[in-house]
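Labels A, B, C and D are assigned to the chains in the order they are written; within every chain, residues are numbered from 1.
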Amino acid sequence: MSTAHESAAAPALEMKDIVKSFPGVKALSGARLRLFPGEVHALMGENGAGKSTLIKVLTGVHPIDGGTVTLEGKSITVGGPLEAQRLGISTVYQEVNLCPNLSVAENILIGREPKRWGRIDWKETNRRAAGLMERLNVKIDVTKPLNHYSVAVQQMVAIARSLLIDAKVLILDEPTSSLDANEVKELFTVMRKLKSEGLAILFVTHFLDQVYEITDRITILRGGEFVGEYLTKDLPRIELVAKMIGKDLGALESLPKTEGAGAKRQAEQRTLLQASGTGRRGSIQPFDLEVREGEVVSLAGLLGSGRSEAARLLFGADKPDQGEIRIADKRVAMASPRQAIDNGVAFCSENRKTEGIIPDLTVRENIILALQASMGSFKYISRKRQDEIAEEYIRMLNINPPNPEHLVKNLSGGNQQKVLLARWLLTEPKLLILDEPTRGIDIGAKTEIQKLILSLCEKGMSIVFISSELEEVLRVSHKIAVLRDRHKVTEIVNEDISQQHIMQAIAGG
Amino acid sequence: MSKLRIGSQFVPALVTMVLFCLMFLAASAQYTGFFSAQVFLNLFIDNAFLIITAVGMTFVIISGGIDLSVGSVIALTTMISASLVEHHGWSPMVVIPLVLVIGSLFGWVMGYIIHEYQIQPFIVTLAGMFLARGLCYVISIETITITNETYTAISQAKVPLPGGNYVSISVVLALLVVGLAIYLAHYTKFGRNTYAIGGSESSALLMGLPVGRTKILVYTFSGFCSAMAGVVFTFYMLSGYGLHAVGLELDTIAAVVIGGTLLTGGVGYIAGTLFGVLIQGIIQTIIMFEGTLSSWWTKIAIGILLFLFILLQRVLVSRKAKAA
Amino acid sequence: ACGGGGSKPAAGDAKSGAAAETNTSTAQKDGDKKITMGFAQVGAESGWRTANTKSIQEAAKEAGVELKFSDAQQKQENQIKAIRSYIAQKVDVIAFSPVVESGWETVLKEAKDAGIPVILTDRAVDVKDTSLYVSFIGSDFVEEGRKAGKWLVDKAKDTKEPMNIVELQGTTGSAPAIDRKQGFEEVIKENANLKIVKSQTGDFTRTKGKEVMEAFLKSSKSENKPIHVVYAHNDDMALGAIQAIEEFGLKPGKDILIISVDGIKDAFVAMKDGKINVVVECNPLLGPQLMQAAKDVVAGKSLPKRIVTKEGVFPQETAEKELPNRKY
Amino acid sequence: MKRLTWPLVTLAVLLLVNVIYKPDFFSITMVDGHLFGSLIDILNRAAPLILVAVGMTLVIATKGIDLSVGSVIAISGALACLLISKSEDASALNVVLIAVGAALLVSVVSGLWNGLLVGGIGIQPIVATLILMVAGRGIAQLVTDGQIITISSEPYSFIGAGYLAGLPFSIFIVAFVLLVSALLTRRTAIGLFIESVGCNPEASRLAGIRSTFVVFLVYMFCGLCAGIAGLILSSNVSSADGNNAGLWYELDAILAVVIGGTSLNGGRFYLAGTVLGALIIQTLTTTIYSLGVPPEITLVVKAVVVLLVCLIGSEQFRSKWKKDKAAGKVPSKKEVTA
């Protein structure tokens, strides 16, 4: 079915020779894209390849420097997102771009609120929003403000919003970066339906599995340039990756298989962190958790099961009001992040936009921030040392553009995530809590990071790991704590760790 | 209000109302003559213009901006009204709509500059503040007394209430504006867009909301409210004067913020603002009933009362938020 | 006045006195018929005003009048509120110094409806129906301007050359600023040699007075238009100007004539040192007169519509003798 | 440096206007061993404003605002003058030193109070500092008993009216404070922390920054700056005026900060820009005085200048202008980072 439109129809949308520069960076040069009605089209490329920029240029967020855009054969210039919507282009941008202060229902419907007697009909608004969320199989109270929910839920809300627009073209920029398998499944069901209705869908993701599951065609960008357009079925994985990073790759294969690796080391390790009865009213019920030195403990669970909440307690981001936490057998109050850091605990939040990056500061400043904070105000890391550190981590994590003086807000999403990882790795904590650390990071860098994590463990660092990507969890963990409905239900260790086992535990079997 | 979600955001506004009632009762116990309906109604009579200004300001602050020009626009409105009515013999029926248009236009221009040239609202409206007050002096340095019958009649008219109490026409106008504003804020696209922009302007833009138009409209509305307040102020003072309402912008901002609106934008309720104004009014009234304070102790006492109130509000809000 | 030891204890007394008074008055509420007066002061924007307040507070204590005092912080709306609250508190008599002249009709009518007599101090109000207040005690700003002008005209009678005057105005738009300017200009018109070459507001403060004067001196130098006279709308600005003149290297009072209004102690000190040539008095001490008037009006006696305060013009020669008499 | 261009241009234009009207505007002569001229006057007069604005810059960088500076100015001057006037020998150096020390201490305490309300209790900065703005003026008047305290003290008047090496002493004070703040913010991590807290408080907290400490520090520093400014202002006229000293200073200070390019939304701050902003404001005031602009239209002139300063500083405005001139193309829409 996918080749049908090759001859049949003209593209719904075509972008040709797109050029876009930002001060000091050429984000796009000669990028191309064709979208046909009734297809799901993957836009692939490394972090910073220009995918999001291409989308923003298309929807008029950034003015275009050169090139043409045609929609259904007509050449168009889009003045802004509002105009794009009017033209039938519906977009979910990377990162959650919704209003945290408004209710979920409003976020979905604002701009298109149902009216009655000339005024907004709130009942109907809430009803419709709830209906839409249900269609995505997310059952939440839509009258609560958006910031009440986790990033994953917010992503679903953004998707729900985009579905509402009467669109010819649907653009999804990494909508699945923090979604679990279940939600992805729901999303794909919806996408398939829309596709069959003749919608052209552009889908950006770093998950190859998803690409092969849902897309019909792939466009690859590299360094802002067009590499090629391929039918998904004709392009094997290895080749796809090679085309994305521009060289042949053995990296994927070279990943160490650590499943069960923890088994032999576990017995001799001392306990680093011991949480007993730790909990916080209204967010997570008391739980026990033991993390040993050099161990990777994963928290697994469904959307909103309380993984992030648990992690935040361990770091003091929220103050636990029950139970106690011991680190290296010393009782620690964990009243603030500061205290946690002083005790060698670090935490990389899942919410990089609001809890991670300091947007107006440079890459260098963002990287050294946590280290500097732990050193205090007056022991200033010399500028020379800062530059060295920045250089080192930019190289190590392949941050692009490799300019330490770039403002972090101008980096691509994946590169921002790398900066955050760099920030915490630099502090060399005893326990590193990573909440969705590889969110939005491209396939090449992801393996690098996983390798890095494992090598750090080998050196004795402990890690608490949260990821919506089960495969990743399986690959790195020594122990998995499963959460359901905001309390810890079970622990799975060592040889018991298997996909099926976890799935059962999560689902409550 | 029942259809509105009473979420945690509503707590500050609610706490403000409760605290207001407590303050009123406490003062009634302390001062003879305080506990009367008329004293309560006087809060409205004396602060009608502040209520109206604060309503406009609430929109601006919810959108994440600020408007420093309100006091000056009030002065300018009184000045234009007085000069046209007294010196040029225009009819109030023409003058009042005219000044409302002028005020709105003034706000529109500021909004346009803020949005179109991406200049911080603080500085644009500060320039607006200088300009409006400067224009007053250009019209006349001296105060212009209004003797026009329509104005004096409206000014002295009493809307009788049961029990021999009364309010002024201005109070009715102010309450109408409050009602309109609540409707605008919660039941129109304009209002919701304002909240959205305050929550996150860049998101609102990406969500395809008319950010520019809404922002400009918000300042226009604030300009309109200031002019409306100016009209009410003219009834109240029966004069035009360049030094009217000096420093009112701070009172207004304080009232809005006390009412639970966040200066960072996105959160706030008109009803909260109304009580914010009343809180300020009651602090004033308490001090006047006290009647033994010297000028400096007056200021210190205002500061202390404000502090106590805000502290209580803060404690209660964080307690409630935790419980929720 | 100059903040030396003298004035401090007085304030302490006034305060404790006031406190004591409230206590006793609540105790003997229904006993003897004590007059309650509500007084709405403009604010405490200057030493002059504070002296005015103090005079009223002390006089009230002496006369056994229970004083309800409120400070409007230079805002007319606050004064109106205060008057409303006095009406609600059913005081026997209301007195106030209006911030501006206009806009009193409504609230004064309310007072009249409530049967409370109103006495104005310091400034008049502009109302059509003069029965809204019983009397006005205070000075006449225009007259003060005239007196200042008169002194200069006398002084300049013999000079043939033109004299350049710079004027330091009070707060733009305020009644004393407008009136003192008007009265002064009215009189100096008589002599064509007298010309105001520069006029700028100094906001009634020393700092601004000094700053403005500095700029005037600099520009007069580059324009080659020497300044002969400074006319300041109050003493504080004059004192600031004096400093500027001295720093500029000229002698105030000699090279440049200084005319000032108010008559605070500091001004007399400067005058004694020969740095000010004349001070037109504007007397803030009208407490006793006010209390007398209040008693009369409560007793049902009729009052004159206008009670003028005693005010003089003090040329340099009288400074030495007058200085000890200055209370503020 | 690029963001200083437009403020610099503005300042240059203002000075140019003066020179056109008064050709000897730039002339600086030596009188009694001090330099003398309009430019020196501007520097001297701008000194307190620069001080306050520098303190304000750091506060604004943390997404705060300090409305109480005017009142702190009044308190500091009032207290110093009161202590001196109460002493046996007003001209004794140690008396003045004690008075100055006490005044500065109280100013820092005022800042601490603000910091406590904002950082400790979490009250919104604008209301938190409004409290001290209102009450502080009362306190200042309480100190002076509502009168103007006049003193005659050689050493005290040196602070605001004295000369050192031919230049007004206040200029040295400003230079010193600027130097200290530049060192503190650029040679220690404090500057980084301030910007970080102002830019994203939650992320900063999670990165382990003691944001309360930072907030306390900036408000205390701002209080100190206002206190010094208060001393300069009161010593300049050898008197303390509890009611009028520093009135509306907060607006001018904030204006200076904003003209200098620091955003009221916190984050990056630019001390040099602030200094330029303050100089622009003072130059404008002096220009108005020396050109003889009538007081009635002073405010209109000020409004127009402020607006022009912002407009030429706005990229959108400039590019629109250029484009309009070139050919009526569509104005560029602003760019957003998602």
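The rule is simple: contacts are C-beta pairs under 8 Å (C-beta built on N, C-alpha and C of every residue); 3 or more make two chains touch, one makes a residue touch a chain.
From a predicted model like this one, the values you see are computed outputs, not experimental measurements.
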| item | value |
| --- | --- |
| Most remote chain, CA-based centroid, reference being chain B | A |
| Of A-D and B-D, whichever chain pair has more C-beta contact pairs | B-D |
| Between chain D and chain A, distance of the C-alpha-averaged centres to the nearest whole Å | 44 |
| Gap in Å, rounded to a whole number, between the CA centres of chain D and chain B | 29 |
| Chain centre separation (chain A, chain C; CA means) in Å | 71 |
| Gap in Å, rounded to a whole number, between the CA centres of chain C and chain B | 33 |
| Sites on chain C at which at least two other chains make contact | 11, 43-44, 50, 53, 172 |
| Contacts with two or more other chains, residues of chain D listed in rising order | 141, 146, 295-296, 298, 336-338 |
| Where chain A touches two or more other chains at once, by residue number | 61, 80, 93, 97 |
| Contacting chain pairs - touch in the sense defined above | A-B, A-D, B-C, B-D, C-D |
| For the chain C and chain D complex, residues of the former touching the latter | 1-5, 7-8, 11, 43-47, 49-51, 53-54, 169, 172, 198-201, 203-207, 210-212, 214-216, 218-219, 222-223, 236, 239-240, 243, 247, 249, 264, 266, 328 |
| In the complex, chain D residues that touch chain A | 187-190, 192-193, 195-196, 199-200, 202-210, 213, 267-268, 330, 332-333, 335-338 |
| Touch list for chain A against partner chain B, complex | 61, 80-82, 84-85, 91, 93, 97-103, 106-107, 110-111, 113, 119-120, 122-123, 143-145, 161 |
| Touching residues on chain B, where the partner in the complex is chain A | 3-5, 7-9, 183, 186-189, 192-193, 195-196, 198-200, 202-210, 266-267 |
| Of all residues in chain A, those that touch chain D in their complex | 52, 56, 60-63, 79-80, 93-95, 97, 315, 317, 336-338, 340-341, 347, 349, 354-361, 365, 369-370, 372-381, 409-410, 423 |
